[in-house]
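Note that subunit A is present in both complexes that follow, paired respectively with subunit B and with subunit C.
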Partner chain A sequence: MRFARRIGTTGLIVYTLLFFAFIYLPIALIVVYSFNADPVNMMRWSGFTIDWYRQIFGFRNAASEAALYIESTDQLIAAVRTSLIVAASTTVIATVLGTATALAVYRFNFFGKRFYRVLLFVPMLMPDIVLGIALLIFFVGVGISLGIGTIIIGQCTFLISYVFIVVSARLAGMDRSLENASADLGANEWTTFRRIILPQVMPGVVGGALLAFIISMDDLVITYFISGTSTQTLPIFIFGMLRRGIKPEVNAIATVMLLFSFTIAAAGLYLRRRNR
Partner chain B sequence: MAESMVRLQRACKAFPLPEGGTVTALDAIDLEVARNEFLTLLGPSGCGKTTLLHAISGFVELDDGRIFVDGEDVSDRPPHRRPVNTVFQNYALFPHMTVGQNVGYALDIARTPRTERSGRVGAALEMVGLAGLENRLPRQLSGGQQQRVALARAIIARPKLLLLDEPLSALDRKLRQSMQIELKTLQAELGISFIFVTHDQEEALTMSNRVAVLDGGSIQQIDTPRAVYNNPANAFVASFVGASNLFQGMLQSGRVMTAQGDVISTDAAAAGSARVTALLRPEQFTIANGGGNGAAAKLDIGIRQIVFTGAGYEVHGRTMNGHDVVAAIAAAQQAQVASAEISRKATLLYDPAAVHIIAGGGDRS
Partner chain C sequence: MSGFSRRSRARAQLALLLGPVSLFLAIFLAGPLIIMLIYSFLAPGLYGGVEWEFYPHNFGRILGFADPEFEIFDPVYIAIFLRSLRIALTTVLITLLVCYPAAFQISRLSDRWKSFALFLITLPFFASLIVRLFIWILILKKTGFINVALSELGLIDTPLELIYTEGAVVLGMVYIFIPFMFLPVYASVEKLDWTLVRASQDLGANGFQTFRRVILPLTLPGVIAGSIIVFIPALGNFVVPAVLGGAKSLMLGNLIEQQFLAARNWPFGAALAMLVMTIVLALLFIYIRYEARRGDDAPVIR
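Now for the complex of A and B:
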């Protein structure tokens, strides 16, 4: 009996280890190999280096001269800048519109409210590739030239949904009698909104904004369709690099992005804890 | 009447039902609450108590009728412009604000100067016995403490009228009883009118100057606790307020005879014969020594159960004709209760003069 139980426990531990290995091993490998000195075969460890990091941050060095994979660091920096501009703009627009919509749906009853709510879910459920093609056809049809503007508009179409859902979830958990209590104590609707509703939905708004930012930074498929030929976001840039073979700099870029995402997620968690 | 603090005139409210039709929550309610009065609204769930409070505070718009507070017609004013404050059933404390911020909220809205504000917040917290808890968040308080915060928050703006919607229902029995006394004391100190909602009849009787018994959106009776208990206006009030034994039947020459054959003696007289309901409170009964022969006012019952209540016994029995009876017997009659328990039957005596006769067949009027 005890023997069987011991096997069971061991089995559970092994399973847990394998499970986490399955999820995290590839990521760990990327981080490890981003310090690998071998310029050609990145799966063969040939010493520690931070050259790839120096290279993506624009410092030329022996390794990069030898490898010459990134034709120009400027391209990478431009891609990062585009991504940040896009992410910042879409986050602001999607957060404002998504939150406003969620508040309106929460506050008012209007004809077709349920249907409207479903409509807001659809962009999230739609396959990226379909949305990408649809947006492309739309932009071309309307005659808007593709570029950073179309990327921002295009990403907003589905990021608003994410913000809407996160903020709505927060609103749904809110006690409506609090609004009555506020009015009862003499506050008009605007004061009640500012002092009671807004502070309580704020964690949802911040959460929605962080989510929108991360998704925007990360989006490849949809952005790929609507970015045109002259504009590159970071994911598109990396995708382009990979098409010419897997290069060691990619590991370094991925590691930096990972660090960046973790920082944002940690900030989100911290804010949520503080606000609860 | 210039003296009244609140006056409702034929207040009507019906809610539409999703499946069509309407439910009447307030059925032409006329109500007056005097200055400094502690009025309790008592009634079963769904009878319209909350709706009535919400009509006064402005969260429910009346279909018809008018509401006056301190002589002013407030019927068309939004909630934030009515001189009325509420203690909500679930307290509705603002979770993101500290106790001090919650209590001071009404003062912030009124732009009270800082120094006055902090003094009044301190005084209000002192009053409800929460001094020093200013910087706690509501979730860091016990249920009873939250209740006090809600109370302090509602009285700080010195409303003319305080509405309390079952404020004690979430508290345990002991805490509830001590809060009942505190509320009553507070009301006397503040000198403002309270409208207090409960569905606990004991609470209603102990706390109020007057009790309004509601059912189906209309006031069945409004009177002092004693009068509501001793002279219920109808069978509904009799059965809802306090434990009761009701016998419906025909009143004829000093006797009420039920269709089943039970007979209740009474001093009440009727011209000819009339349909009435006779009310006997459990504590009106005593157990007869021996057979109780000769006594006119008696009920023979078979014993079903005897419960020791501390102050005495609760004897549950049934007449030969199948009418359930409950009697509260004082501890002094211990011997009689013991013998009744053995013989499984007893004769209950009562005073015919104390039998309360309610006109009508006992249907809800």
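Now for the complex of A and C:
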């Protein structure tokens, strides 16, 4: 019996290690092979190089000249720029609107409060593709031409929800007695808001903004339908590349993107822990 | 008087906080969804576009009453629909099998390792979805990692057909949905009262009985929540089958995309999307009812 249990325990440990290997080995693989020199088969190791990185950052080299990869580097830079503009705009809009809604639901009792709570879960739970095509039909029907503007509007419809939920969670854990104390000590509503509520809720707002930024940078499906033909964000650029055929520098792009999102996410998770 | 002015000021604050967001969501969320619903009942025009007349045959094409004037009913759409259901359910099941045992192990770690493990599991969720799928192309394709490795070891002569299969689609989905399943399952496992497990063993239950009668019922809420959270994005998914699937693993999402970007039959695409949304809403409705009932009669062990 004890022997059986020991096998069970060991088995569970091995299983869990395999679980983490399943998550992280593929990621490690891509990072390693982004330094592979083989220009024909990216997954056949034939030596170490940093040429692919030089290439995506715009340095020309023999390999890229020969293979005429330069054009896609320009597109890549344009896509990154578009993604950053979109993410910065949506983060600001979604953070303001999401925080305002969370504050309203927290502070006031009003008719339809439950409706708002449910409403704000809808865009998060709806399959991406449904929201994407609904927005496409809407923009085309109303006659708004597709482009960076429609991407920003479209992404905000669901990013507001994420900010709302993160900020609401923060508000729910807040100490209401501090507000009462502030009022008892003669502070007016504005002072109480500025000195008591705002500092307490701020980590939630920052967390919500970070989440909105990451999700915006990564959104593929909804953006895909409402971006039109001439605007590309980074995920759409990569999606197109994958459909047309893969070039070796994608490994390097993928590695840089992984590094970027892991850094932001790690910073966000660290901040959240520190503020708890 | 001052009471009245305070109330009106509160009302003004509320309007200021909720006004913009209400307007935004009314125009850009409710508006599009209502228009999509209307579109799904309009006739497709000859060259893209729509005819403004009531036309139930968009749904008929899928469900069995196709427009008698133009086509006979073709079960291809219902086949794609059933395949999407099958792929989504398989994904849920495998993701659950992958996450459930790991959740038990991680719940037993010391606090420090526990939070590190959770950090490692959450982290990929923030990494680009398309990059994580791209990794699997490189692993699975004909000249990919597995095939190169196996042929260099001399184990195979011709490359294996790994990519562009239904299996590849399921694998890709499992990979990207692990955090969605793990966190709710873990929340349930973490709360599990081990004294009940020990009581069951003391009373002579064997391992399987203890699992079925005690552990499973107590962790079921997490299992159900995780399954729904994975099932919803899996059902309407179009990125994973577009990247890892072939013609034989086409899903509803790909069919919808085709109607909008290639076939230009928008009403039919809208009808397909309505179908996906109906299933998702029905599922959520059932789940909310289940949660509400569970709230009434707290955990009971049968």
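Keep this in mind: the second predicted complex is superposed on the first by the 252 of 276 C-alpha atoms of A that agree within 3 Å, B and C clash if a C-alpha of one lies under 4 Å from a C-alpha of the other, contacts with A are read in each partner's own complex, and residues count from 1 in each chain.
Criterion: a residue touches a chain if its C-beta (ideal position, glycine included) is under 8 Å from a C-beta of that chain, and two chains touch if they have at least 3 such contacts.
Quantities reported herein were computed from a predicted structural model and do not represent experimental measurements.
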{"item": "Clash-or-fit label for the pair subunit B, subunit C on subunit A", "value": "fit"}
{"item": "Cα-centre angle that subunit B and subunit C span when viewed from subunit A, reported as a multiple of 10 degrees", "value": "90"}
{"item": "Broader residue contact with subunit A after superposition on the shared chain, subunit B or subunit C", "value": "C"}
{"item": "Partner chain(s) touched by A:Arg44 [first = subunit B, second = subunit C, both, neither]", "value": "second"}
{"item": "Subunit B versus subunit C as contact partner of A:Phe20, first or second or both or neither", "value": "second"}
{"item": "Touching partner for A:Leu119 - first (subunit B), second (subunit C), both, neither", "value": "second"}
{"item": "Touching partner for A:Leu185 - first (subunit B), second (subunit C), both, neither", "value": "first"}
{"item": "Touched partner set for A:Asp175, first subunit B, second subunit C, both or neither", "value": "first"}
{"item": "Subunit B versus subunit C as contact partner of A:Ile133, first or second or both or neither", "value": "second"}
{"item": "Where subunit B and subunit C come nearest after superposition, their Cα distance in Å", "value": "7"}
{"item": "Residues of subunit A defined as touching subunit C within the complex", "value": "12-13, 15-16, 19-20, 22-24, 26-27, 29-30, 33, 41-44, 97-98, 100-101, 103-104, 108, 110, 116, 119, 122-123, 125-131, 133-138, 141, 153-154, 156-157, 160, 214, 217-218, 220-221, 225, 234-235, 238-239, 242-243, 246, 250-251, 254, 257-258, 261-262, 264-266, 268-269, 273"}
{"item": "Subunit A contact footprint on subunit B (complex, rising order)", "value": "57-59, 78-81, 84-86, 88, 90, 92-96, 105-106, 109-110, 153-154, 157"}
{"item": "In the complex, subunit C residues that touch subunit A", "value": "10, 13-14, 16-18, 20-21, 24-25, 28-29, 31-33, 35-36, 39, 98-99, 101-102, 104-106, 115, 117, 119-139, 143-145, 148, 175, 178, 232-233, 235-239, 242-243, 253, 256-257, 260, 266, 269-270, 273, 276-277, 280, 284"}
{"item": "Residue ranges of subunit A in contact with subunit B within the complex", "value": "175, 177-178, 180-188, 191, 195-196, 199-200, 275"}
